[in-house]
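You will see chain A twice below: alongside chain B first, and alongside chain C after that.
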Partner chain A sequence: MTDAIFYVLAGLILTSAMSMVQARNLFHAGLALITCFLGVAGLYVLLNAPFIAALQVLIYAGAIAVILLFGFMLTHHVMRDESNKRFSQQAAGMGAAAVMCGVLVAVIGASPWKTGPAPTHIDDLNQLGQQLLTSYLLPFELASVFLLAALVGAIMIARKEEGPPPP
Partner chain B sequence: MVIFAQTPGFDSWLTPFLAPHLGAGPAQAVAMLLVLIGILAFISVNVMFLVWLERKISARIQNRTGPMMTGPRSFAETSMWFGGFLQTPADSIKLLFKEQIVPAKADKVPFYLAPMTIFAVCLSAHVVLPFGPLFWVADLNVGLLYAVGISSLTVLSILMAGWASNSKYSLLGGLRSAAQMLSYEIPLIFALLAPILMAGSLSMVEIVKAQAEYGVWFCVPSLLGLLIYFVSSIAEVNRPPFDIPEAESELVAGYVSEYSGLMFAMFFLAEFANMFLVSGIAATVFLGGWLIPFFDAPELTHPGLVEHPRLWVQVLGLLSFWVKAYFLVVIMMWIRWTFPRLRPDHLMNFGWKFMLPVAFLNLLGSALAVLLYQAYDTYLAFWAVGIVLVVSVVLIMRALKEPPPYRGPR
Partner chain C sequence: MTPITLQHYLILAAVLFSIGIYGALTRRNAVAVLMSLELMFNSVNINLVAFSYYMPDITGVLFSIFVITVAAAEVTIGVAIVLSIYRNRNLIDLEQINTLKG
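Coming up: the complex of A and B.
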């Protein structure tokens, strides 16, 4: 049962990722990207990580991808199917992807995968919170300070220059 | 595979009846499927009732004749509640028989997908809603987060509809809607964080149990949270006074301009179902779900652990949830037919500069309430914090209120 669901999800993720790269239309590419995100959320559910799955849906599919689509809709010529991809670019991209794939397959095949017993508890949320505020406090705080800096920077860039008041 | 349900829900009622015929594994799967079909049927019937209710309320408030009179004359003369009961069947039949028109230059695939996904999202979010003690499809340990996350995909369907219609009204409506929903999702989530913090769990059932344990509903310490959640959720479901995305006078009908017939009906259905969903979440999280004031029963406080649950207590719990959810729905309709539409810049200012800071204050107050409860072990801690919060926000608002513009000597 789990295997069958995994293969369905993996097929969904791969096909949507391929169609995202191949789409000639930016909006369609965005929709395929969201399908891909949702498939990954399904994988998290299979891995007994419902919290990560819910966050994947909320943040990636619900917020980031929507802001991406929002950006596409504000650009010019979005209604037209045009893309500046040429055959030479496609060939180069495929070559790079093939090399990457080869490296990944080699590494995954060579490394020993240690498997522990499957977690018996399903209430992992409290543990996650405690770990974030004890063992991993420094990375957690660093990440939030970093995000805050990015936020302040974005506001500073987007802010209008304050000139003399209009007459 | 682990299903993340903590307390068994609806499907556990059906499985014993199906198991002798099908075997244990398939019986569970069939039971879940049956429950999902039941939820689908429930949403459709509930939406028909909500449409009727909205028409009645609008007719009472704005003195519209159609919803008061449609149907046999004798019915309308009997009571104000019977007049116009044929309005909803007339609406539904009209929508079913209308021609499906697809614009020639529309982007076909997203155009057809948008109404389907908006309804699918709405259906999936209903899965975690506890309608009463033991009346839920699944009690996920991330229930509330799941509901919020799935609902945030609604904006995707709206963007799809707006873009695929290939019309400038639809596109503008979709854009406005996306901006509004992204802005109001933030105060909404921060308002929901307060009860999560007090209950110490994301599961909807656990949040109700925590309210039973503390002896207060979470609307007491975080009344502000309830108000912020309610206002943001009106904005989330695009209802007036936050219906700028479908403002008739500027944008025809916004993102649904190019839809007709059954595909429009899907958007309509999803809007009403979402309205019930957000009211149900507010009733569960802030208003104690199926709990009843001054009435303690083990069936309500510890569902699933009672040996022989009494049926009438279960029904009372069910009724309690429905009364609370419908109370909020009726307030939403009342607001719709009484207030004018907001201006977009007012909308953004209100969301970011007022609701978000108040939501932060509310979250801090809730943390303080939990600390006080742990120190003094009395439910009065929640009342004290709630009253202090409301009074301080009212005082701050009075202090920050701008004087009215000078209009010259009287």
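Coming up: the complex of A and C.
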């Protein structure tokens, strides 16, 4: 049963990712991207990590996809449709991606993966919170400062400049 | 049908990463390149959570939380830069944004 769900989700993720990189219309690409994110969220549920699945739906399928669609809609009359490169470049990109994929799959197949005892419930929220506020306290606080810097930076970069800057 | 192991997840993530690379290399629209970058972030997260599940250790899940944080900041800054270039030069075609090219 779990196996069947995995294969269905994998098919959904890969087909929507392919249609995302191939779509002529970028709005369709954005919709395919959201489908792909939701499929990945299903994969996290399958991996017993419901908290990460919720984060995936909220942040990726919610915030990030919406920001990308905003970016597309604010700029779409410059490049309406033709968003792929010439055929030779496309073939080169396809070749590079295929080589990358082949090498990765070969390495994954050849490596002896040491898996632990029977998988249990890993996404224990108590444990997660304790780890975040003890061993990972510094990265946790740095992440908040980082997000603040990104917020201020994004506003500063995207702001419309009016007149010359004050001396 | 063999049972699902760690390798299945790793191969799925590798294929997804390659699709993201293909998109990032062949798209000309800057927003589309950002979308492909998000695909790559997702494949990395699949890897981290799968490792966390198969060798029971919560560290992978913690790392994926940090990766999601960085991805959110990255896409915000990326779209802000794209909007800024669009406002100043009225183009978002990456082949024409070559002012920094020597």
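The rule is short, and it goes like this: the second predicted complex is superposed on the first by the 144 of 167 C-alpha atoms of A that agree within 3 Å, B and C clash if a C-alpha of one lies under 4 Å from a C-alpha of the other, contacts with A are read in each partner's own complex, and residues count from 1 in each chain.
We take it that a contact is a pair of C-beta atoms (placed from the backbone, for glycine too) under 8 Å apart; a residue touches a chain by one contact, two chains touch by 3 or more.
Predicted model, so just to flag it, every value in this text is computed and none were measured.
Q: Pick one for A:132: touches chain B only (first), chain C only (second), both, or neither.
A: A:132 sits against chain C, while chain B stays out of touch.
Q: Just to be sure I read the superposition right, which of the two partners does A:154 touch: chain B = first, chain C = second, or both, or neither?
A: Second partner only.
Q: Check whether A:74 is in contact with chain B, with chain C, with both or with neither, and answer first, second, both or neither.
A: A:74 sits against chain B and chain C alike.
Q: Could you say whether A:55 touches chain B, chain C, both of them, or neither, answering first, second, both or neither?
A: both
Q: Have a look at where A:1 lands relative to chain B and chain C in the superposition and call it first, second, both or neither.
A: After superposing on A, A:1 lies in contact with chain B but is clear of chain C.
Q: Looking only at chain A, is it chain B or chain C that touches more of its residues?
A: Between chain B and chain C, C touches the greater number of residues in chain A.
Q: Please work out whether A:31 is in contact with chain B alone, chain C alone, both, or neither, and reply first, second, both or neither.
A: After superposition on chain A, A:31 lies in contact with chain B alone.
Q: Going by the contact rule set out at the top, does A:66 touch chain B (first), chain C (second), both, or neither?
A: first
Q: Give me the intersection of chain A's contacts with chain B and its contacts with chain C, in residue numbers.
A: Of chain A, residues 2, 48, 51, 55, 63, 67, 70, 74, 78-79, 122-123 contact chain B in one complex and chain C in the other.
Q: Under the stated contact criterion, what part of chain A meets chain C in this complex?
A: Going by the criterion above, the answer is residues 2-3, 6, 10, 13-14, 17-18, 20-21, 26, 29-30, 33, 36-37, 40, 43-44, 47-49, 51-52, 55-56, 59-60, 63-64, 67-68, 70-72, 74-75, 78-79, 82-85, 89-90, 92-94, 96-98, 100-101, 104-105, 108-109, 113-117, 119-120, 122-124, 127-128, 131-132, 136, 139, 143, 146-147, 149-151, 153-155, 157-158, 160.
Q: Under the definition above, what is the set of chain C residues touching chain A in their complex?
A: Residue positions touching the partner: 1, 3-12, 14-23, 25-29, 31-32, 34-36, 38-39, 42, 45-46, 49-50, 52-59, 61-62, 64-66, 68-77, 79-84, 86-87, 90-93, 95.
Q: Which stretch or stretches of chain B touch chain A in the complex?
A: Against chain A, chain B makes touches at 1-2, 4, 6, 107, 109-110, 140-142, 145-146, 148-150, 152-153, 155-156, 159-160, 162-163, 166, 171, 174-175, 178-179, 182, 185, 200-202.
Q: Show which residues of chain A lie in contact with chain B when the two form their complex.
A: 1-2, 5, 27-28, 31, 34, 46, 48, 50-51, 54-55, 57-58, 61-63, 65-67, 69-70, 73-74, 78-79, 122-123, 125-126
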